[in-house]
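So, here's a batch of structures to check.
In what follows, chain A forms one complex with chain B and a second complex with chain C.
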Partner chain A sequence: MLGVMVDVSDAETTSTANATFRELSTLQSFAKKLLESGTVKMVIGYSQGYTSDRAMPAFITDPEKASSLIFDKRCFHNLTMYLKTAEIKCAGKIAIVVKGCDAKALNVLLLENQIKRENLVILGLVCIGVGDPTLEKCRICNVNTPPIYDELFGKPVPNKEWTSATFTRVKELEGKSQKELWEFWVNEFNRCIKCYACREVCPICTCTRCITDKNQPQWVPTSPHSMGNFHWNLTRAFHLAGRCIGCDECERSCPADIPLSLVNWKLIKQVFEKYGFIAGMSPDDLPPMSTYVEGEEEEFIK
Partner chain B sequence: MARIGVFICHCGENIARTVDVVSVTEVARTWPGVVYAEDYRFCCSDPGQSIIRDAIKEHNLTGLVISACSPKMHEKTFRNLAKASGMNPYLCECSNIREQCSWVHHDKEVGTEKAIDLVRMMVEKVRMNHPLEPIEAPVTKRVLVVGAGIAGIQASLDLAEAGLEVVLVERNPSIGGHMAQLSETFPTLDCSMCILSPKMSAVKEHPDIKLLTYSEVEKVEGFIGNYTVSIRKKPRYVIEDLCVGCNECVTHCVFKKPKFPDEFNEGLGKRKPVYIPFPQATPQGAFIDPETCLQLTTGKCKQTCVTACPKDCIDFEMVEEIEEVEVGAIILATGFGTYKPELLPQYGYGKLDNVYTSLQMERMLSSSGPTEGEILLKDGTAPKTVGIIHCAGSRDENANIWCSKVCCMYSLKLAHLIQEFSEAQVFNFYIDIRAAGKGYEEFYLKVIEENVMVLRGRPALIEYEEQGNNGKGNLLVHTEDTISGTKLVVPVDMVVLSLGFEPDKDAVQLAKTFNISRSPEGFFMERHVKLAPVATTTDGVYIVGGCQGPKDIPETVAQASAAAASVLGILSKDKLIREPTVARVNELNCIGCFQCEKVCPYSAIEHKEIRDHDGNLIREVALVNDSLCHGCGPCAAICPSKCIDVDGITEEQIYSQLAVL
Partner chain C sequence: MAEFKPKAIAFICNWCTYTGADLAGTSRMEYPADFRIIKVPCTGRIDAEFIIKGFEQGADGIWISGCHIGDCHYQSGNYFAQRRWSIFHDELEFLGIDTRRLKYTWISASEGRKFADEATEFVERLKELGPYEDFDQIIPKIEESGASVGGDG
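Coming up: the complex of A and B.
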């Protein structure tokens, strides 16, 4: 099934809407068939939210409800985060709707043994950007076509190459001095209330018992004071090094508006420049932070 | 409540000079849980140990901190003492206030302050130490020896004589290694083959040695006492057990004349695709080289060898086989390479006629060699003068920096042999003569008396005497006599380059396969350069001979026997006792991301399946194989949810150690 594409070459496309009417109906009928035939127990996708400006996640088990699936610029959520929940984990085989950026999370989860490929039907959507105005991550997107899917909806767009220039947003930070950086982050992290929304929404924060919840010993202070906030946010960043796929969901869900994606993208950039590695591009790539390759630079050993 | 005893060692003046041991002891007495603290001049001495023993009993101690030298030095001593005094040995810890404190500080105040911190941290750790019991692992009483040169042969014979089964693997069609190529051996000048071939046939005949030639080790799994090794047996295309080495196939090969460079003769002679590597080859049978055989490369050949063979032992259908063997220990005797003479363009090897390598000269001098022992120039005449250039590629910052140890001696030996078997005058160009060894200096003096010329200085250039004369004419060696300080040009008919030892071309791959380290220059690395010279950092894997570094035959044989003795020490027991300081996984919190598996250098992480009552798989978690785990800790460090801990050095212990600072 892998690599089968739906021919939509003659379908009308506009620059604002992602899926045309025809692609959407293909997705809906495909989802319906999956449920009807019993191939999957559930389809995770997007549906109309409670207000007209919002989309919301849909967990569809009834084939008749497959027609409620939507896809447009309101569908910025990364649905792969639901795969780490206990309910979905024991749901058996499911289908999931993913954009290019979301699909990268699937590759990381596969690489880290968190999901089973045979328990998953990946419904890939060609996405040219979501959000109004278009999200920052979409402006620099190099994965309009998902790097992994079983069924692709939409006309594939050739993905751009990754270069150092891709990481535009990090540039504003790189111009700062060490002191300015320190002040900037003290100021930003000071607002953290330790609600851990960033952790909960992250598709690859897969630990069932987070290190912050460990209290024997208590490595990460629980209180939202400066030190505790730095502890948490830096630990989170380090645990994502070489793993973060840059979906920016942490930043979107942060109630204190901390620019968390700046931390993430800085790390993505560093890992890319050091190892030429972008997390989530393939389920077989060796993760650089836990792999040693002979001949690798070791300039940190003095 | 913890009852900890603290002992501060003076180590003579080693520690006491820069650490005020008395005040460290006084401060230690004030810490909660410390019921006894004492300082002593030498804690490791007999009186020192009896003070500790008495204190353990008298104060009913539940923990022991010895603040002295590195635990590498005396941890075992003090743990044994604890055990003998009725305390679990893993309740005793050494805090290092010598190497990590007194030896690196000059200021006594600073040193004392740091010592107090170090001791305090160890007291906190010991407070949380738990009694641990040693882990037992089974033992397979069979040994793998890789490489059948003199090192592998000697080790195999020693082990087999002691009653162990040996699997000896050799990548070439015959055993013998470099030693089989040598003419005579210094300093006694016995014929190399005369002393080696009895050992070669002893290996072949020994009922407990399984010899696998033309084979290579593919994969190694397991751990000390329990290795599983996959060996790739390449096809010889001649049935080894049937062939008697009658040579009929060679005579009747469709190639009427030998055409291909003979590897054993270092390219000096030619061989056919079917050949017997050398007269004393073991196993003695013929062998077909798949790269040059017409049948095997093109599939079109009259196969005259098959019809000529009186015993029907040629089989072109033979295929590669993988054989798995279980062994308890491994000895690597994979040998060395020699410096590539092409990398020394100034000496013209390969471009100028009559420039040979030292191994080529060995073959030329050998009575079974391509010239049957005669020293001949390319035009078939005998040379009148021969120059031997020592240290070609050695002791040279542009080539290999190390001294290859044996070149001085073999160069003098070659000089002696050349002068004995020909009329030629020999010049030895040397930097220093290193003749350290029993009878070596005497040999040097004897060769000097034989009128061999020795000139101190590294030659800069070798060229033809008459430029552009199509390679005719004498060779000129441009050099300097550093003793008289004069530049010299020495005309010679023949040049021998004394090439040094290098790591074998396969050393990188072998190190990976056997999970051992290499020293900076690329030879296999011993566990301790002085005190564990044949062991490696992988338990149960030993290194002997040229693969560990340049050495001569006596030293190689001594190492081989040393490794055999070490292996016997392990395999004489029915169970192996291992340190219980191994990693443990908290299965409840493990999410099975197996990053620990990726970073484990000992392949100790296994997958454990957690199933419900109906046998349905719920999830997979990491499981530590106690027999493989060394307690090194990268798994604990990389685990994102911190659900791996190492017994004896748990996260909580590290945390509390940091907390008291």
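Coming up: the complex of A and C.
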């Protein structure tokens, strides 16, 4: 509901998004039960990384190891990206730990028939922000309580609505002239080394054969020169129109620090402003790029 | 100096605009010959790649045209195209592409006059804007020979 704002005060943040996530033991025992009863073959969650400042994905099949699950502010990864891999797809029924933003990705995947609902147990976590300092995506988060889950851990908080302030970063750039924007982006994309980390980490990039890997005809120049980089980044972004959930994982994984989230959030903003659509809020919403309203007309087409 | 002749590409739909262009021709209307027409089955067929590739390969302007809303030969192709262009156009603008070099129209089979007028307007606009040099800067070049390897794919 409009106007219901979550007070992200320091006290609340530390109590929920800190190393002492209150419902952690409940989560661990629930995961253990799922594995012991044979309901699921595997639980995908977070565990302690190799260094103290990192968390890493855990693929737990042994009920005894369920106690290694963690959740704190280091758990910014979007684990749903593993659902598109062949190994997980053939693993049978699995349980996955999701924050609100990750749950949005699940909705998009369900909508596009990439995953089967009956093969999934969704362990939703109430999350009030991850990362240290708190990530940009958490500042504008509208899904502190996941939009889809089977079992919820943590006390549900009312979700925020998006306002004009949500897109501040995009708006700052929009004010620039065409020449300035062109120079800005060519300069940013110049650093791209075509490692395709942005594609691999994206939960929504589900094509088994990406357009950039196709060479008859070769649409996207594969060399990491300015032109090829510009083409690739524009193509990657546009394929996410109306689908990108704004988890910002592409930007986080980019070794060249290209502000890819800006490109994506511009798309999210346009889709939101034009069609009132937010990707991933429900598995039944029709995606704006594959639907239309009879009689609608755009003014810029004469 | 010779007058600048823009290189424009027109992606137009087989059923309405192409027939409209035909009508303009058979009615002997005059319009500039500065653009290359590429016929596609429907505006819904036009991939975003076509635009990017077009600019990369030296187009000064790109014109997209199809059936009026509600007239699509395939019922809904232009509805999808319309939404796609609406979002894609904004994204191109955001990434610094000169969107004055893009033109979108709906031209029916009976609108030969409109086709000729829009074609004239577009070429005039491109002549005013001059050559599109932004993409020339990012096309990879081999220094010594000056040959372009832009089409290496």
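As a working rule, the second predicted complex is superposed on the first by the 279 of 302 C-alpha atoms of A that agree within 3 Å, B and C clash if a C-alpha of one lies under 4 Å from a C-alpha of the other, contacts with A are read in each partner's own complex, and residues count from 1 in each chain.
Here is the rule we go by: a residue touches a chain if its C-beta (ideal position, glycine included) is under 8 Å from a C-beta of that chain, and two chains touch if they have at least 3 such contacts.
Since we're looking at a predicted model, the values are computed, not measured.
Q: One more residue to check, A:T51. First (chain B), second (chain C), both or neither?
A: It touches nothing on chain B or chain C.
Q: Tell me which of chain B and chain C touches more residues of chain A.
A: If we count touched residues of chain A for both partners, the winner is C.
Q: Just chain B (first), just chain C (second), both, or neither: which does A:S37 touch?
A: A:S37 sits against neither chain B nor chain C.
Q: With the two structures laid over each other on chain A, which partner does A:S290 touch: chain B (first), chain C (second), both, or neither?
A: both
Q: In the superposed arrangement, which partner chain does A:Q114 touch: chain B (first), chain C (second), both, or neither?
A: first
Q: Just checking: does A:K214 make contact with chain B only, chain C only, both, or neither of them? Give me first, second, both or neither.
A: After superposition on chain A, A:K214 lies in contact with chain B alone.
Q: A:T206 contacts which: chain B (first), chain C (second), both, neither?
A: Touch partner of A:T206: chain B, not chain C.
Q: Determine where on chain A the residues touched by chain B overlap those touched by chain C, and list them.
A: 211, 217, 219, 289-290, 292, 294
Q: Residue numbers of chain C touching chain A in their complex, please.
A: Counting only chain C, the residues touching chain A are 48-49, 52-53, 56, 69-70, 76, 79-80, 82-99, 104-106, 118, 134-135, 137-140, 150, 152-153.
Q: Which residues of chain B touch chain A once you look at their complex with the stated criterion?
A: That would be residues 508, 512, 588-589, 591-595, 598-599, 620, 638, 640-643, 651-652, 655-656 of chain B.
Q: What does chain A use to touch chain B in their complex?
A: The touching residues are 112-114, 206-211, 214, 216-217, 219, 239, 287, 289-292, 294.
Q: What does chain A use to touch chain C in their complex?
A: 170, 173-174, 178-186, 211, 215, 217-223, 225-227, 230-231, 234-235, 237-238, 241-242, 263, 266-267, 270-271, 274-275, 288-290, 292, 294-298, 300-302
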